[in-house]
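Shared chain: subunit A. Partners: subunit B in the first complex, subunit C in the second.
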Partner chain A sequence: MATPPVFSSGSVLTAAQMNSVGMWLVSKTTIGSAVATVTTGTVFSSDYDNYRVIIRGVKTSAVNANLLLNFGATVTGYYGSQYYDAYTGATTGANRRNNGANLYIGAAENTLGEDVHSFDIANPFLASSTSINGTYYGASYSGWFGGTQASSTSFTTFTIRPDAGTITGGTITVYGYRSQ
Partner chain B sequence: MTISLTWRVKYYSNTATSVDLTSFTQSAGIDIEVGIGLAGRSTAKIVLNNNTGAFTPNGTGTYSSVDWFKQGFIIENKSSTGAYVTSFCGMVSDVNIEIISTKESRFTLTLVDIMTIAGRSTATTSYSAFILSTPAWQSLGMMFNGYTDSGTVYYSGVDMPYIGEANESEVNTFCVTDALTYVTNDDFPAGRVGDWINNNLLVTGPGTAFCTDLKTSAGKFLWYIYYIDYPLNRVDPELYKFSDASAALVSGEIPYEAIDVQYNFDQVVNSCTAQDQRSFYTQTTATDTVSTAKYGIRNVAFNSTCTQAQADVDRVAYFWSNRYGTSRYTVKRIKTSYSTLKQAVDNGVADQAFSKLLTANYGIWQRAQVDYVAPGLSSQTTEQLMIRKISIAITPSDTDVVIELLPGVDNQSFQLNSSTYGILNTNRLA
Partner chain C sequence: MSNPNIQIDDEIREMTDEEYAELLASGWTPEPTDE
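Entry: the complex of A and B
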């Protein structure tokens, strides 16, 4: 058997080969215009333990606004931080959550929609803590973020929101990592 | 719902004149056959009533002075609601006059398709190196028609029959597929077009091609040829459902009278050696080791492909070694007839399906589903197959049809969302 994804013409497409595919598209959500929050459909399930989320092209109504993340309807028990560094070198710093209402996932653009936020989510569907770690670029800031939702709740959805104003446009794409 | 099947036999003397011979036809037979890596072949035989001497050469009959070898023939059929569809088109290769008595005579025409006729032609020049890369189906047309660009004739093609027109007839090739074979036409030696097609072109990919129709155009005739490329899937598929009629037929099903289920061990190929005509790329040998461990080596070699990349040479080798390494117990042929259809069915869908089945354009290399129950089997078996040959025997009272089949699993490619050809571990990648 050829090592996926290299296939020979005429060969049988086997279940083993398909089972070796590491990442599958779960959902793609398009963000509307001037919305305060965006909640995905059901994206977490027993199919995957871990997920990759890519958020791109979001424009905020407020300047230098950050995006925030919630799992399900849970608004407490979030622990984490976000580092930010302006490419001008003028500003660096951190935002933190200690039993907060959500997690920081990076700054978003005000006008250009050039921002990208890419992060992994571990165990959202399992009845255990749900943790994230990722990186971002937006509003001339680069940085990393990470954190956990420290409850044993099983989640199927997540919500993003700006910490000020509304957001317009962009997409939220969720992939599942195959682990079996 | 009326079930009917109407045949018509006619020939063209030119694009404006067609002559209907149906009323003279005592019987007719058509064979249409394809094989992967080979040119398809269509033949026909028309037996005409010559009791009045209408066809006796040098006589006074209506057709006594017709030069049969320069006419373009069509045998076509239609269902109760459909239009005429072409079952055979071609030209006469032999005429036989049988004089039984002074009052009884039969006039028999033997016909072959245009690929057979024109393929005999020897091209006076090598196939142009200026046509370096084309899809195989287009290249097939150029081999007959020639290639001219901006007034410069790079390759003049072969002499095609005029059929009473001012211009030579031409070939019109056609292919609907989701993947194309590109071929290089460099360095073909001067030779017979039929050899180019069989030894060089159709083994590359590989693919097959067959004649489907003869149509009139402005001042010339067009011979239609359908090309099947290496995925082997037609993008304009028909699915013919055949049943032993042991249960009530569902709409569109065609009942059959007899079935022949055999092992297809003679078709097993588990090793292939491929190389291009120019020896420009490395020779590739691919082997299905699981199959060779069971059956020993059954090798085929294609050393004259007109491939334009190493990957294409490899694809030819993998195609044969991966597809045909399994011996299967499979439906080889079924026999049905118009009378069987008419007795068992009162269904317009089956009526039209039967008419289309009897054509190259809609019937050959199409999908077939056959249900049967054999002794020792507890339940009905349903097989997915491909139609590789259609033999039609036409008389005024009935039409008998024998359909030869190949396993669909070996002769189709993976198709997303298909319940029959989208099965992991079973269906093959194109």
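Entry: the complex of A and C
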């Protein structure tokens, strides 16, 4: 019998074994050319309480642009902050949202597309606050970010955009954490 | 001058005037910044 997570060719998997798989791919979106906003398809559902999102390879038209996150069509009630630290040591600081229109999710690259933004989303589909926490590297900055959308709205999608200009390329991959 | 593009799932199109107005109202700026 197969023993997760190691399987051999021809293994028959039981429901119990499949139900023990902890993470599932929900969606992968390839970002197009020169778009100001990107909204996912339906990614949140009753299947999962919590999600992992990885955004990588985004190129911004603006220098040192930050990526911002919205849930659904909600543009108020966001509370959070983002820390940034340049590897040169020249710049460090924070951006904050206090009942803002979105959440910061890190700086993105202008030319190289080396950026990566990884974060967890807790309870987006449930009728309760939706919170995130994550880390990023982009445009010579490293840092963390976190925050909450403080309403009881149930969301099925999210949107990312730069705070200035447009973005080109890269991917948005969403995974669901199995918790039942 | 055309409005910027919007992507929804895999579809990309030009923003409507209403969508563009909402984007500008959110604080987005079309010009590059150097924070």
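Please note the rule applied: the second predicted complex is superposed on the first by the 171 of 180 C-alpha atoms of A that agree within 3 Å, B and C clash if a C-alpha of one lies under 4 Å from a C-alpha of the other, contacts with A are read in each partner's own complex, and residues count from 1 in each chain.
Throughout what follows, a residue touches a chain if its C-beta (ideal position, glycine included) is under 8 Å from a C-beta of that chain, and two chains touch if they have at least 3 such contacts.
Values in this document were obtained by computation on a predicted structure and should not be read as measured data.
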{"item": "Touched partner set for A:63, first subunit B, second subunit C, both or neither", "value": "second"}
{"item": "First (subunit B), second (subunit C), both or neither touched by A:131", "value": "neither"}
{"item": "Subunit B versus subunit C, judged by how many residues of subunit A each one touches", "value": "C"}
{"item": "Which superposed partner A:123 touches (first subunit B, second subunit C, both, neither)", "value": "neither"}
{"item": "Touching partner for A:148 - first (subunit B), second (subunit C), both, neither", "value": "neither"}
{"item": "Subunit B versus subunit C as contact partner of A:7, first or second or both or neither", "value": "first"}
{"item": "Partner chain(s) touched by A:32 [first = subunit B, second = subunit C, both, neither]", "value": "second"}
{"item": "Which of subunit B and subunit C A:15 touches, first, second, both or neither", "value": "first"}
{"item": "Contact residues of subunit A, present in both the subunit B and the subunit C interface", "value": "none"}
{"item": "Complex contacts: residues of subunit C adjacent to subunit A", "value": "4-10, 12, 15, 22-23, 26-35"}
{"item": "Touch list for subunit A against partner subunit C, complex", "value": "29-41, 61-66, 75, 101-102, 161-166"}
{"item": "For the subunit B and subunit A complex, residues of the former touching the latter", "value": "230, 286, 314-315, 318-323, 414, 424-430"}
{"item": "Residues of subunit A touching subunit B in the complex", "value": "7-15, 18"}
